[in-house]
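Structures incoming, each one as structure tokens.
After this come two complexes, each holding chain A, first together with chain B and then together with chain C.
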Partner chain A sequence: MGGKDRAALTEPMYYVLMSFLHQEMCGIEITEFVERKTDGRVRLGPGTLYTLLGKFQEEKLIEETQTEGRKRTYRLTEKGREAFLEELERLRACLLDGEEEL
Partner chain B sequence: MKKIRKLFPFSIYDISGIEHWLEDAANMGLFPIHFGLWVTFAQTGVSGTRFRLEACDKKSTTPSMEQLELYRSAGWEYALTISNVYYLFYTTDPSAKELYTDLQSRGFSLEKLEKKIRHYRRVHFAIYAVIAVFLIWTLFFFQSKWDVDPAPLKKIPVLLLFLCHPLVLVLLAAGGFSKLQSIRDYRLLRRTCQAFKEGLAPPPSAGPSRQKIREQKIMLALIPILIVTDLLLIGSTRGVFRVPVERFPKAYISLQDLEAEEVELTTYEALFGPSRFYEGENEAVHHLSLLAPTWYEVNQSVYQTGEGDFKGISYDPEGGKYRYHATLDMTYFELTIPAMARMVAESQMEVDRALNRRYTYTELSHPALDFAIYATSKDGILQALAVGKGGHVAVFSYGGMQKLDEHLDLLATMVTEP
Partner chain C sequence: MRQTKICITPFSAFDIPALTDWLSQMTAKGFRFSMTTGPFTIFEKSTPERMQIHLEPIRGAVKDDEELNALYEEAGWIYWGMFRNNFYVFACPNLQAQAHTDPETLDYALKRFLKQKTAAGIVLLFCNILLLGLYHKGFPLRFEGYLDTYPPVEMLLEHGVLVWILSALGLFCIDIAYLLGLYRLMRYRKEQKNNHIRRSRKGIGWLTALGALILLPVIINTAQIFFGLDYRPYDLESSGFVTLSDIEGEDFPISERDFYSMDYISHGGTLLSAEYWYFQQYGAFGQNKNPNDVPRLEISVRRYPLEALALLRMEEHLHGSNTYLPVQTATQMEPSVGECYYAAKEGWVAKNGQVHLPGGTFLLRKGNTVLVADYYGEQDFSHYAEQLLKMMEHL
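== the complex of A and B ==
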């Protein structure tokens, strides 16, 4: 997956990437961020989060920064930021299309 | 504490089926403690327990510390690993969040399992392809530098007889059965993974399957059969089932009857005592094939008792005294398909042929036989003769002073008086 060929992000993927925009995060902090940000609308199960973190790492959208015991912290890579911005752009276009038709 | 064992009534990739089955077991007070040929349960199950299967990581048979911590913080505990395919997690807390809150991410999680299986399938295919290429090359293209008259295709009928050994067929059937199962299971995994990734529900589980239980029972029954089969096949290739000629009950032409009466002959052992070098002389071997229900070899070897001046082809045990030594190897077939008789006879002659000799083949006629083929090496020391009548075939390979064609009446009795 890369550049313009990237498939649309799912909602959990979008929010997980968003959680890294301003700071490094560990798994539990990501879950709390997403629930807080969406007022509980999007809830991340531990399987969903663990799978997405693995997938993003594999695709080099995030990278591990430190391991403290069982806790691992990640940050967004440049490629990850681009992926997030692309998705944001796509969502904006969707929103505009919808509003125009109303 | 009493343990309960149950056969596993699902395909390994029927994820929802397995999870529901374990939850039903927990409602009956059972908790899984081991997955193998069957599933072992302890009576520690708690009603209402939820079980979820997580695809194993590529490199580890246990979950990572990070995964354990994340899952534990959401109320899920690791129970065990199933066949290096899944980690089994469970929770007794009804309010614990589901492991997967969207279908797509579960699809991503299964994708790594699908990739792993696909990789194994490719590796297996490559291994089978290499073996097949090697076998084809060995059978049809390999030429020994000593072979002065190669004819690899001629050996095929005898190879076919070996392939139709019931034990080989059992092994092939077991391999084919297992392959079919794995293909079916892989297709289910691919469909499930695809459905999840598209945000759709996975294919519905058919529930516990009687067919799967039957297959498990067959596999369990096959394991001891396959072990015994392997041992028997290894044993037969190593000559464990060889019988000394004097104790062999079936018909054969005695080498002594073929040789001139005035030459006194005996075995190597009688002359010089036991020697490992001469093990296998004067022994009979049974073979088995569905294409040849009766199939055996009788190998005989005799030595002149007194000193002679015959320059034979065999190893001289006395350092240059050239004691006369004759050998007769006979292979007898009673074929299921009589039409194969001549092909099998020619094939066995090719199998027995000394590689460094060029043979001349002559058709002989005999009123009681369908065919008689006589082969002689240029120096006349080595000869072969094949006789056939109906589905009965006898092939003789001889080294010595006699002329086999002069003994056709005697040799023909192997197939005319079976």
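== the complex of A and C ==
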């Protein structure tokens, strides 16, 4: 794990990062993606999404690519991809641990 | 029927749960949040309805955030405006709607907001230092033991004690309200984590309003100083002031030094200091001679914001070192309108041979204006009451 240890991501954080894996996204598209991906299990309140976009930008996990009217589009940075993959590894390890114990 | 309602915000501007409840209750009563100005919140008359209110802490620059509004609107919320420079206000008719669905993210938002407001608190601290520094000459303890020299009214208005006291008091209220607000925000963050929000009591907002009200005259006073409105001198000619030449005669030689022979009336004052007029003239005195050896006239006038202060100032003068006697003026004044006193001074020679000229001091009050005119010289100054009264009328 490079750099300082990152705290585990919450589900909304994880899915927001995931939404950027294949394409650039704007806020509303992220909400739709998360809802579709989780069959409505994970809901993103507008306050949560707004805060997360700000937080990820500050941590340089995503970056803004363009602003069009009220729509701002972001993409995942290399650091963001690493953060997502680290979380994925952690979740895989958790899953394996659980299955072993069954 | 009035279309707007202005209320003093009763809660701290950082108290999210209390403000949310309050705005929601006002909406239910038919008053929709419109905007804030200083310690006031302005509501617009609307149809009473039950709405869920959410306050989203402002991140970074204080301006409408189009992206944020779009996100909220998409989720069924309506943007109502900004609450001070702290929050965006959103309302939603769906009482079950959730603006924040991840407690950890909400905690991050609150932590960030707390940091922002703590930094703003440092700016507030700097403002405290700046304002109290500007008026440091009025620090009351500087006058400890000098009350005989500086009586209360003079001390309060002419030496800047009043403006210092108001600054300190106003800032104290605002600082305390700010600190309590920060504490409330910290507590809310903790309660949010424990999922147990306690209700707040009203009061912190009123403390802010009280502080702002006390500081308002100080701010006006400071603006007057910064814009140079505190000093407005004008020419002696056509001022109507009694001069040394009037008393000693046209041929009397007046000092040519600027300091000892003013050809202007020093005039000024601010909201929290008495408006003043000052003028002095000395007779010509030679090189290495004492200016006190020649006839001289000094006139000082103060106009107090309240007549009661002028009356108090008169009392202070009358109990001073001069022995004043009432003077009957031709323009008879009711005691409620004005008073006129004169104290004659005899000349004397000091042990070292220095001659102290005789003279007299007039003490006049007309309404809220007090005049003290000191004359040293051989002429009879006692019959100048009418002229001095007339002079006061032109001020």
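Please note the rule applied: the second predicted complex is superposed on the first by the 98 of 102 C-alpha atoms of A that agree within 3 Å, B and C clash if a C-alpha of one lies under 4 Å from a C-alpha of the other, contacts with A are read in each partner's own complex, and residues count from 1 in each chain.
As a convention for this text, a contact is a pair of C-beta atoms (placed from the backbone, for glycine too) under 8 Å apart; a residue touches a chain by one contact, two chains touch by 3 or more.
Remember, it's a predicted structure, so these values are computed and weren't measured experimentally.
Chemist: Return first, second, both or neither, reflecting whether A:10 touches chain B, chain C, both chains, or no partner chain.
Modeler: It touches chain B and chain C both.
Chemist: Using the touch definition from the top, say if A:72 reaches chain B (first), chain C (second), both or neither.
Modeler: Touch partners of A:72: chain B and chain C.
Chemist: Applying the touch criterion given at the start, work out whether A:22 contacts chain B, chain C, both or neither, answering first, second, both or neither.
Modeler: After superposition on chain A, A:22 lies in contact with neither partner.
Chemist: Residue overlap on chain A between the chain B contact set and the chain C contact set?
Modeler: In chain A, residues 10-13, 27-28, 43-52, 54-55, 69-72 are touched by chain B and also by chain C.
Chemist: Within their complex, state which residues of chain C touch chain A.
Modeler: So the residues of chain C in touch with chain A come to 54, 56, 59, 66-72, 74-75, 77, 98-102, 104-106, 108-109.
Chemist: Which stretch or stretches of chain A touch chain C in the complex?
Modeler: My answer: residues 10-13, 27-28, 31, 43-52, 54-55, 69-72.
Chemist: Give the list of chain A residues in touch with chain B in this complex.
Modeler: 10-13, 27-28, 42-52, 54-55, 69-72
Chemist: Quick check on the complex: what are the chain B residues that touch chain A?
Modeler: 52, 54, 65-71, 73-74, 76, 97-102, 104-106, 108-109, 112
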